[in-house]
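For clarity, chains are labelled A, B, C and D in written order, and residue numbers in each chain start from 1.
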Amino acid sequence: MPKKPIKLPENIEYLSILDENAKVDKELEPKLSADDLKTMYRYMVLARRGDERMLNLQRQGRIGTFPQSSGHEAVSMGSVYALEKSDWHVPAYREFAGMLYRGWPLETMFLYWGGFEEGAVPPEGVNDLPICVPVGSQLLHAAGIGMAMRFKEEKKVVLTYFGDGSSSEGDFHEALNFASVFNAPVVFVCQNNQYAISVPLARQMKCETIAQRAVSYGMPGVKVDGNDVLAMYAATAAAVERARAGGGPTLIEGLTYRMTPHTTSDDPKRYRSEEEMKQWANKDSLIRFARYLEDKGVLDGDARKKLHEEIDEEIKAAVKRFEEQAQSEELLNPLRMFDYLYADTPPDLDEQREELKRFLAKKGKLPASEAGKEQAHTGRERG
Amino acid sequence: MPKKPIKLPENIEYLSILDENAKVDKELEPKLSADDLKTMYRYMVLARRGDERMLNLQRQGRIGTFPQSSGHEAVSMGSVYALEKSDWHVPAYREFAGMLYRGWPLETMFLYWGGFEEGAVPPEGVNDLPICVPVGSQLLHAAGIGMAMRFKEEKKVVLTYFGDGSSSEGDFHEALNFASVFNAPVVFVCQNNQYAISVPLARQMKCETIAQRAVSYGMPGVKVDGNDVLAMYAATAAAVERARAGGGPTLIEGLTYRMTPHTTSDDPKRYRSEEEMKQWANKDSLIRFARYLEDKGVLDGDARKKLHEEIDEEIKAAVKRFEEQAQSEELLNPLRMFDYLYADTPPDLDEQREELKRFLAKKGKLPASEAGKEQAHTGRERG
Amino acid sequence: MAEMNMAKAINKALYEALERDERVVVLGEDVGADEGVFRITEGLLAKFGDKRVIDTPLAESGIIGTSIGMAIYGLRPVAEIQFAGFDYYAFHQIESHASRFRNRTRGRVTVPMVMRFPYGGGIRALEHHSESRETYYAHTPGLKIVVPSGPRNARALLHSAIQDPDPVVYYEPKAIYRAFKEEVPDTIETLPIGRAQVVREGREITLISYGASLRQVLEAAEMLEEEDGVKAEVVDLLSIVPMDTKTIVDSVRKTGRAVVVHEAPRNCGIAAEVVARINEHVFLYLEAPVARVTGYDVPIPYFSKEKAYLPDADRILDACRQTLSF
Amino acid sequence: MAEMNMAKAINKALYEALERDERVVVLGEDVGADEGVFRITEGLLAKFGDKRVIDTPLAESGIIGTSIGMAIYGLRPVAEIQFAGFDYYAFHQIESHASRFRNRTRGRVTVPMVMRFPYGGGIRALEHHSESRETYYAHTPGLKIVVPSGPRNARALLHSAIQDPDPVVYYEPKAIYRAFKEEVPDTIETLPIGRAQVVREGREITLISYGASLRQVLEAAEMLEEEDGVKAEVVDLLSIVPMDTKTIVDSVRKTGRAVVVHEAPRNCGIAAEVVARINEHVFLYLEAPVARVTGYDVPIPYFSKEKAYLPDADRILDACRQTLSF
C-alpha cells in the first residue's frame, strides 16, 4: 500500500430538525413533553428579555460592559436541557439562558456584570462554574471535572461551551485531547456565531466546520443549526447519553449569530453588514420555536403573552434585588477584597487589610460593620 | 438536509516507497541523482555515527545529557533534502542529520550538548534556528517565518519538526492554525517515534494518525513510513513545491522509532519491550537505504566502507576541535554570560558583571583576557 | 505640533513607524477592520493593507510566537495583546524565546519586536481586564519594559521600542488613554530606553512611580506642597527594565526619603526592587524607611471596589506624611 | 525512623498521601510507568493504579487546567511539571484560575491542589532545565509557595501542601534530591505553611535563604565562624508565600545585618521583597544595607558556566564580610 488515502472517521455529521420556517422533521423530532418545551421556551425568553434589560442597565451606568447573549439562547438552552441537575455545567459568557435554567438568579448575573465578585458565586447546590472570561481556558476545567467523574466511576456528565474564535486557543486543543485520552464524559459545545469580535470565521480558520476538528481527537463531531433548539437538544442528548454510558466526549458546533454587538462597547458596523444582520434576525430561534409551540398546541398567542408579562415582572423584581445588594454596605465594603483569597488569611495580608482599614478610618470612610475592630498598632517598629 | 454526514477533505494520505525489504515502488521513486542519494546517505551515517560518538562523550562526562537521534535519520534527512539553501529549517532536537546537512559543524552540536551557548549559534549563512527544547514552541516560530515570507511575497519555504508527544501542546494547534489561515509556506514534519518519553501514542491521543489532524486546518496531511527516506523526500518535496507556489502548509507524519533511550538518562526498559525494540531495529532506515544504493549501483560495499571510514575521521577531527573550544579560556569565561543578552548591555547588568568580575579576581579566577580591565569602585556609596 | 491624547499619540507612532519602515507590521486580535478594541490602530488597515496590519486568530501564544518568527526573519512586529490579563497565555513564548534568542545564539538570532499590553485598572472593566503585573517581565532577563505616562512620551517611547534591536514590552496605561492632551511635535521623537525623568523637583521627599499612577503621584505632590508646604521630587521611571538606578538614587541622596507607587500587587512588585536598590546604593542617606504604596496582594477586585485597591493621591499623601514624620 | 534522601522523602509523602486520602491523585508527564524522570513517583503506579497515578499527554496547560477541574470536583490533585522551566506553558491557568477561584466565588469553589516544580541549577542539565523563578508565583496573589531544604521538611511540607485547602506551588530543589540523608520519622509530620525556621543561631548577621541555596548558606556560615569568628544566624524561609516576616525581622532586629540568598535572578527576586520588608519593619536596627546574593539578571547559563551563576558559599561569605565591615 505505497500510496492511498487514509480512511477518516465517519462520525462527523450535520443536524437540523426545526427549520427556519418552523417546519419540523417528524422523524428526528425529540420526545419532549409540553412542560419540557414550555420550560425551554421560558428560559430562552427570560434570557432574551433579561439581556435587553441589562443593556438598559448598562446604558444607565448601573452595570458595566457586558457581552450580550441575544441570539445564543437556542445553543445554550437546547444543550443544557439534556443535563441532569447532578451533572456539571461549565459556561463561557454567552450561556445566559443555560445559567438561568441551572439556577443562577437573575440578580446574581447582574451583580457579576455590575462589578461584584458575588456574581460569580454558584448558588448552593448548583453544579456550575461561574462565567469565564479568559477564553478557552474553561474547557480544561470541564475536562478535569470529567476526568474526576471517570476516575471516581460516577455516571455523570459535564457540558461546556466556547466560541468559534476561542477554538483557536491552544487550551481548546489540550482540553479535547485530554478528554478523549481519558475517555471523560464531556460534551464540548461551540457557540459558533461566526465572529471573534470582528474577525470572521474565514480569517480564524481554514477548515469548513468546527465540528470536523473532532477528527483530531477520535471523537464524534456534530454541526447543528444553532437556532434550532430541538436539534441542539437532540444532538446534546445523544452526546450526553453516550458520555454517561462511558462512550467519551463529543464536539458539538451550533451555528448561530450574535444579534447584538460583541459587548456594549463594540460597534459591529465596522465588520458586519446590515444585510447580514437582517438575514440572521429572520432566523431567530425564538420566533421559530414560538411558532413550533403554537403549531403543536403547547403555547398559544395568549399564553405566550402572559408568559412574557410574568417574565418582565420577574426581571423587574430581580433588578430591585440587584440594586439593593449593589448598594448594600456589605457588598461595597472594600475590605472584603482580603477576606476570601485563602481559607486562612495569612498575617501579611491581614496587615494589608489593617493598612487599608486605618486609611479608610482616617478618611471617615470605614464601613460601620468594620468600625471598632481596628488594631492599635501598625506592626511596624520605629526601633 | 436534516441529518447527514459532513464531507471531510480527501487529502489525507499514506505514503511508502522503499519498503522494509528495500523493495522500491518504481512508479513513486523520486528522481534523485546518484550524488543526491550519496549525499543523503552520507549525512544519515554521519548522524548515526556522530550520535554513537556523542553517547561515548557523554559517558565520559565530556558532554551532558542529550537526546539521541538514532532512528530519526530518514525523517530528518528525507525531508530536509527537499529544501533550498535559502529556505528555512526550524528543528526540534532530533534533527541531527538535517542540521549537519544544513551546515552545522559537528563540533557545534557537541558544544550545544556540552553546555555551551556557542552550540546554539547558527553558522553564518545557514538559515536555521538552533535546537529547541521547550517542545512544540518552535512550530510558532516557523509559522511566523512563513508568514513573513508570505507578507514579503518571497517564494521561500520553512520546514519544521516536532515529536508525536509534542503534538499535544497547545502551540501545535496554534501554529498549524496560523500557518493555514495566513497560507504560510510551512511544512510541519512530525517525528512520530510513538513515545513521548515513556508514554505510548495510544495514551497521548485517541486518533489513528497525526496526519489526520490536518483536517482541523484545512491542509493536506500525509503519513509516511518514516524509515523510508525516499518516501519522506517525495512527500516533503511535494509539500515544499506546493508551499512555494502559494498552496500553503502541509502536515507530514513520519512513523519511526527511537532506537535508543529518550536521553542518556532514560531507561526505556521501563516502558518498551525488548521485542518491540528488536522489531524496529530490523526496519532501520540506514540498512534499507544502503541496500537500495547497492541495488541501484550507486554505492557498493567497498565504497560504503570507505565512506564510513571517512566519516569516522571527520568525527574524530570534530571531537578534537570541540575539546579545544570547550577548554578554551574564551568559552569558559563566565563573564560571557552578560555579554549577549542585549545589543547594548544596560548599566545595571554591567554592574553585575563587575560584581562577578571583582569576585573572580579576589578568588584568583579571573580569566587573563579580563584582567586589567576592572573598574575601580563598586558603584555603591557609603555616604 | 498638535494637541492629542495618549490613544492618538500611540496611533500616530504606529502610523509613522509603518510609514517609515517597511519592516514594521502590526498584528493582534481585532487590530484590523475593528481598529482595535481601544481604537489604537485606527486608520492603519485602510492605509497599509492586511499584509502589514494583521487580524490574527484568537490565540496569544500564536501572536507572540509568530511575531518571534517574523522578527527573526527581519520584520519588526508590533504585537498587540488585547488586554494585559491575557499575556499570560503567551508567557512561555516570551520567557523561553523572545527574551533568550539573542543570548543563546550569541547575538546571531535576534528578536526585535514590541509587545503592546494595555494594562491597569480604573476603567470599570470586566474581570481579567485590569491587570498590572510588570514584575513577571521585569524578573525575566532579556526583555526591556517601558511604560509611558503621557501622550508625548508614549509616542516617543513607542518609536524607541520599535527601533530597539531587542524585544520590548510596551505597557499602555489604558486608564489615561484619553485622560488628557499634550502637544506632540510633528517630527519623530524618541526617548532613550532605560532613562527615568525627574518630572517635578523637590528636596524633601522623592516619589517614584510610572504609568497611570504617575498622575496620582503628581496630584499628591501638589497636595503635599499646598497643605504641608513640603516639596516632593517626582521621578517618572518610564523604563522598568533597564531601571535607571542613578536617577533614583541621585534624588534619594538629596531627599533622604522616598515613596514608591504602583498599582501592581506589592509582593515582589517593582517597588520592592526600587527599595532594594535604594538600600544598596544610598543606605546611609535614608532618614526613613522607603514606603510602598501599591495594589494589595489580592487580585484587583471587580470594578465596584477597584478604587480602594488602586493607589490614589490620598493614599500616596498619607504615605508621604508617614515617611516625613518618621 | 528511617534515613533517606529528599527524593525518597518526597516519594514517601506521595505514597502516604495516596494511601490515607482517596481523593489524592498524582498526575503529570511520565509519572506512571516511568516513575518520573527523577523517579519521584517510584512504586506509585504499581501500588495505586492508573486512575490515581496518571500519565498525561505532554501538555502543561492541560495538566494544570484539568487539575483545577479535578480539585473543584473534590479530588486533591498533585500535579508534576517535569521541570520548572515548563510551568510557563501553564501560566495562564495558574494565574487566572488556580489562584482565583476561591476569591471570585467568595469561597464556594476552591482549588486544593499541589503543583510540584523541580527547580534550580547545578546538575549539568540541558537548556531550560535549571530554572528558578519563584517570583512569578510570589507576585500572583492566591497561591502559596513552599520550598523544602532537606528530606524531613520536604516530606512534612508536602503533606501540609496536600492537606492545604488552597493551591500550593511546591518547589523541589532537584540539585539536592540525593545530596544527603536525614532521619525521617515513621508517623506523618506536617509543617505549618508560612513559618520560617531559624536553623542556626547567631547574633552578628542574619542569612536568609531557602531551598538548595540553604546548603551554601550554611557552609558560608561555618566558614564565617571558623575563619572570622563571626556567628551568623541562618533563617530557612521554607515558605515564600506567605512569608514569615516576623521570624525575619526578629532576627534582623537582633543582628542588625542581613544577607539574602537565592539562585533566581535578582531583579524583583524574592530577596528584593525580603529587603523591602526588613526596611519597612526594622529600619532603625539596620547597621548596613541588606545584601543580595542571587543569580544574575541573565538566563542561567548553559551548564559549562552555571557554577559562576549560582550563589555558592564563597560568594555568600564575601557578601557577609562586606556587610559586616560596612
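Annotations
Just so we're on the same page, contacts are C-beta pairs under 8 Å (C-beta built on N, C-alpha and C of every residue); 3 or more make two chains touch, one makes a residue touch a chain.
This structure is a prediction, so every number in the text was calculated from the model and none was measured.
Legend: contact pairs of A-D compared by residue number with B-C, B-D or A-C; the interface matching in over half of them is B-C.
Ranking every chain by how far its Cα centroid lies from the centroid of chain C, the top place goes to B.
Between the CA-based centres of chain B and chain D the separation comes to 34 Å, rounded to the whole angstrom.
The distance from the centre of chain B to the centre of chain C, each centre being the mean of the chain's C-alpha atoms, comes to 38 Å.
Rounded to whole angstrom, the centroid-to-centroid distance between chain A and chain B, based on C-alpha atoms, equals 43 Å. Contacts with at least two other chains are made by residues 56-57, 59, 61-62, 85-86, 89, 92, 96, 103-104, 127-128, 141-142, 241, 243, 267, 280, 283, 289, 296-299 of chain D. Of all residues in chain A, those that touch two or more other chains are 117, 120, 134, 168-171, 174, 177, 181, 203-205, 341, 348-349, 380, 382.
Listed in rising order, the residues of chain A touching chain C in the complex are 64-66, 113-117, 119-120, 131, 133-135, 165-166, 168-170, 196-199, 203-205, 265-266, 270-271, 326, 331-332, 334, 336-338, 341, 348-349, 352, 356, 359-360, 362-363, 380, 382.
Put simply, chain A touches chain D in their complex at residues 88, 117-118, 120-122, 124, 129-130, 134, 137, 139-152, 170-171, 174-175, 177-178, 181-182, 340-343, 346-349, 379-383. Taken in their complex, chain D has these residues touching chain C: 85-86, 88-89, 91-92, 95-96, 99-100, 103-104, 127-128, 133, 135-136, 138-142, 241, 243, 264-265, 267-273, 275-276, 279-280, 283, 286, 288-292, 296-299. Residues 25, 51-52, 54, 56-57, 59, 61-62, 64-75, 77, 92-93, 96-97, 102-110, 141-142, 144, 164-166, 194, 241-243, 245-246, 249, 253, 280-285 of chain D touch chain A in their complex.
Of all residues in chain B, only 1-6, 8, 10, 12-17, 25, 27-28, 168-174, 177, 180-181, 183, 203-209, 211-213, 215-219, 221, 223, 231, 248 touch chain A in the complex they form.
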